[in-house]
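Going in written order, the chains are labelled A, B, C, D and E, and every chain counts its residues from 1.
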């Protein structure tokens, strides 16, 4: 299977592991992640102002690239996923926005055909669940994560707004837990897993971010977890920076480990 | 010009006849002139070879003839349908007028049909016609070859084609296609933008030409009533002769209203009108209103769909708002 | 020119038996006057009004036609006025499209308790139709001079 | 040609004051068909009626027009008058020259002119009238009640009390419904079982009432007075007439791990079971999904222990066909699923429960024998948080909650809070509310008592999230009055889940051609004036299938539905309104347009053979109207494109004739 | 003055697409808000105050920078009011004014550390600057 892959800026800098293990794991699962020739940063957060056009252009360009190749657009970073999926949804549901966006694109050199939300946006987790299938992943597990008590941390970006993201139940999600089970680990369910880590507030009010992050890592620890896994570089940063007692790793790393392709890619 | 040729259709029809799938074929029959194709029933290979025709003048929508054909006891009938004809077919199925079991639908692609009234106006004494993408070359009796751009003689309904996909099908000969643009409501919108006086002037001019020949009614695939109200003495609107009385004036309004929500916009009414009255603009007005008032509805797109006039929602627009709504658009 | 000053319009009002006809009776009981130009035809429900009746009235010389029914949601037959509302929306829009003056047609929801509204509606409707003068257009639709 | 008599009434000076009645009578004399024209002081008086009767006989009239007051006033009177003189009552037309003429016009000239026109219109119509005879249909004197909760029970008892046989069809193995699961009832706090179970016994012992438990309605045909219903009696593998309800089998059955639905899965029952001690009928039922014998053919313990020999592993579903004159729908409600509201952690903690589960937890016959204990660890909870409006008044998302107010939650929550504080004064009880709605006799007083006497903490605000941490439930909520975000460590959280109509209702509505609203509640024929009748004649509504209701409302509606049924079953024959739609088969296209607009399901189709002029035959689908079901609105007549559908009494040509008469100037 | 306030109110409603009249004042948004303690005005107050036109206190309040756009309030609102979108719109009316950027490039170096992901800088700029 070949898919269009949007890595996002952080995956090329501070979150290289997230990217590297995603490639390694996908390789093992027979999925080829193909980057567009050029891509730009998604902007980190989706703007909810209806009149905001320009900041959503990078997402649309990536969507068009995938559309032209007739492939789904896959992301691993929660933030990129959230921004691109919401942009796609806005194009599909807000005719005025779609009209103005297409007008904008029409001005460009080599203007693409008008875009109306045709591309399917998938997070790697969704790709695994819906396209590859957990059963297929289970077959490929080489080194099961037996005995590991793992707390899945969703944060807000993967799940909300649920009407748009359509990934899982926003209050009682299970996609990462199911993956952990498939990989042989033991998921730890704790109530803070869909709470916000504080996100960008870290730059504005570090104290507030600390409060949020600690409540999450403490809750996971209290429920007996050995480690926390996440799909979001910012979540990971906030949790670690604010002194999480538990290690925080990307889900792709665990995935690669269980598939037996982690070592080959370490220290690349 | 049509991508799929007559011979291919004849071969398909023969195959179905000899294979015993059907006992007869409903198709287009060669007429007096090359541009004069009429509906016909073919029961043998011989008849097909002699009389079957298809091309740029295969305009007639054959769906209506299936009402009588499927009531006959003797087996299945195969029918050729262009994409737009299949909408009428589905609508008739919705209205339980046709027994689907007795029909074998063969989809035929359509590149647009030529309006023989437009062609006659462009060239006098037509002997033969050759058509390609760009042009129509008419061999005439008196003026030699006359060449006109194809677009200039295409039927109005084909210039505003609503679909190149069959919505009902047992088998396809050829291909399905997409419509990129359809501006069929532009003309209605143009009328709507006029002043009431101008509109009145326009319609008075058009409807005054009506000779009440009933051709529009007789060809219309929605006008399939066992007995038309205009032929029924107890309806109170019966009248056959052209007169000055009520039904004469109101004939077209009532007819359009009777087919509202059932009219698929196939355009047959305007095609057959000997007086060139743009009757489809009445039907399209209703369709446009329906789309705007209660959401997009295409009769015949789906079998069994609930027509807008036999449906409602609690918060439909009031009639006064519905009429005034246009002012805001203008 | 028409003698506009003495023009008395002919108005046909179709009233549903359960709400509007009762509303008209109430207007009468309360002696609420409206012009004698209005003639009421009783129908069981506004959904009984066939567009043919309206066109027939115009053709026979009516200058205005009004349909009155129960308020949406209050139909004696639960849904009749909803169908009437859709039918009349289309018919009136079509008449407008043909260039007929809009003020010659109207749908009004009048309950059995709204005698005052019935009278006020008729007064207003008669005034509007009077202002339009005789209904020439619909009659002339096919008779280009 | 008709022979028409015209009778102009003076109504004292009511008409004669502004209408020249003599001139009207004179003017109408020359209208087509008129052979007699007269005026009189008071046509509705005995003398006036006698005058009409005499004229009918003397002039051999075939139709009459009375120019008088509104037909809403005296149409029935004059129809009787005509009938008394041997004239078909539907050959009478009224010209309303009082309410719609003399009373509103001041000027004699214009009043008279209009009265003449109204008279002419009525004459034009009578000219086209035909005698109509109301159809008659027999009434099967038996009622069907679908649903055996308190609504169905009360309706059945009331109908049986009037002497008519009634059948109750209940899907569960016992009647009793939701009320049987409740502990106490507001606002009087009497025990639900104490007031319900005697009624259940009454039902069982009433000779007029049959109970089809563990059964469902699978087909309904026919119409008012004449319903043909098929009831599927599911195999319960126990012979109802032999089983004594001793319960030995339910103690010996080795399959012990079946979630007990009566206690909402909070404990287990056996594969053979009697739902609760006072069940009616008190017979055992084998749950085929769990019974080892039925699944594997190995076990048979219940058959061995049953001394009566009631067990029958070979039992099959039975289908019973029965005729009924009336059908009462009493299908009730269920709490909605809490799956989509997991911010309250219902699926994440056993100690988050619904209010109905709370009822079972406090009920002496419940899983904890009436002691309020936490489901997770059996400990007594010290802090309890009640959350109101969970899924009610929720507009955000259709598949999540319900837009309406569930009506009963405010009161039962007050009851729960009060009872908890009464029995366990050491518990802290919080109720989070958006509004407290307590309209009802002694309802608000009840709620105030919970606050004032029992010290329940009512907090205006909503709970945002419930987090299970350790053995506590951390509740994060708003206190809007104090302007604070509250954090409460609770032991138990109780969710007042919205209620929704039972899922079976939609299929049933289709079978009955009864209409429903967007929430799947049955629609009433008129929201104010006919609240217990469905628009479909002969179908009546009882209880929450029509909308959220508490027990007192349900019982009063159940009684009202019963009285409507009794009124119907009292009749030997139903006389229809002859002004119904009629389809002309020769013109009908069979297109189904009429059927789609008919609110009563009065129109059906059949294939008929027609002889053609050329002696061949043709089969066509044509509509026919059931005159017993049609109410005569006329929606179909306009939907019909061919004009095949017409309405007796208001035919197309009759109305058109009125139009012509009015417009002929 | 009146006019400017009303224009701003309309602008906020337009760019947020929120209809505050749908609010039934249950307070679930504020019950759910993780930044409640950091805020002077809380989600339900934003909804109420925008509806009633009381904009000045909101525009001056630090609360507009405390919202995490975590969307918990949007997710849980029973009426589909979407308070977070409204807060974002209020913030935008402030920072779209000339020179009103809340976060300036010059502020950044002091806040940087080794591990800060690009994502954080991007997000913060998007939220706090025009």
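Criterion: a residue touches a chain if its C-beta (ideal position, glycine included) is under 8 Å from a C-beta of that chain, and two chains touch if they have at least 3 such contacts.
Remember, it's a predicted structure, so these values are computed and weren't measured experimentally.
Q: When every step has to jump to a touching chain, what is the lowest number of steps that links chain A to chain E?
A: Graph distance in the chain contact network comes out at 1.
Q: How many steps does it take, at the fewest, to get from chain A to chain C if each step moves to a chain that touches the one before?
A: 2
Q: Which other chains touch chain B while also touching chain D?
A: C
Q: Tell me which chain's centre, taken as the mean of its C-alpha atoms, is farthest from chain E.
A: Taking each chain's C-alpha mean as its centre, the farthest from chain E is B.
Q: Let me spell it out: compute each chain's centre from its C-alpha atoms, then which one is farthest from chain A's centre?
A: C
Q: Select, from A-D and B-C, the pair of chains that is joined by more C-beta pairs in contact.
A: Between A-D and B-C, the larger count of C-beta pairs in contact belongs to B-C.
Q: Could you give the separation in Å between the centres of chain A and chain B, each centre being the mean of its C-alpha atoms?
A: That gives a centre separation of 53 Å.
Q: What is the distance, in whole Å, between the centres of chain B and chain E, each centre taken as the mean of its C-alpha atoms?
A: A distance of 57 Å separates the two centres.
Q: Can you give the whole-Å distance between the Cα centres of chain D and chain E?
A: For chain D versus chain E, the centre distance works out to 48 Å.
Q: Which integer distance in Å separates the CA centroid of chain C from that of chain D?
A: That gives a centre separation of 36 Å.
Q: Could you list which residues of chain A touch at least two other chains?
A: 171
Q: Residue numbers in chain C touching 2 or more other chains?
A: 51-52, 56, 60, 79, 83, 87
Q: If you look at chain D, which of its residues touch at least two other chains?
A: In chain D, the residues touching two or more other chains are 343, 397, 465, 597, 639, 652, 656.
Q: Would you please name all pairs of chains that touch?
A: Chain-chain contacts present: A-D, A-E, B-C, B-D, C-D, D-E.
Q: Flag every residue of chain C that touches chain B in the complex, lowest number first.
A: Touch residues, chain C against chain B: 51-52, 55-56, 59-60, 72-73, 79, 82-83, 85-102, 105-107, 137-144.
Q: Tell me, which parts of chain E touch chain A in their complex?
A: 14-17, 34-35, 38, 65-66, 68-72, 74-75, 84-85, 88-89, 92, 102-103, 111, 113, 115-128
Q: Within their complex, state which residues of chain D touch chain E.
A: Residues in contact with chain E: 343, 389, 393-397, 401, 434, 460-465, 476-478, 480, 485-486.
Q: Within their complex, state which residues of chain A touch chain D.
A: Interface residues on chain A, with respect to chain D: 163, 169, 171-172, 189, 191-192, 219, 222.
Q: For the complex, give me every residue of chain E touching chain D.
A: Residues 22, 24-33, 36-37, 42, 44, 72, 75-80.
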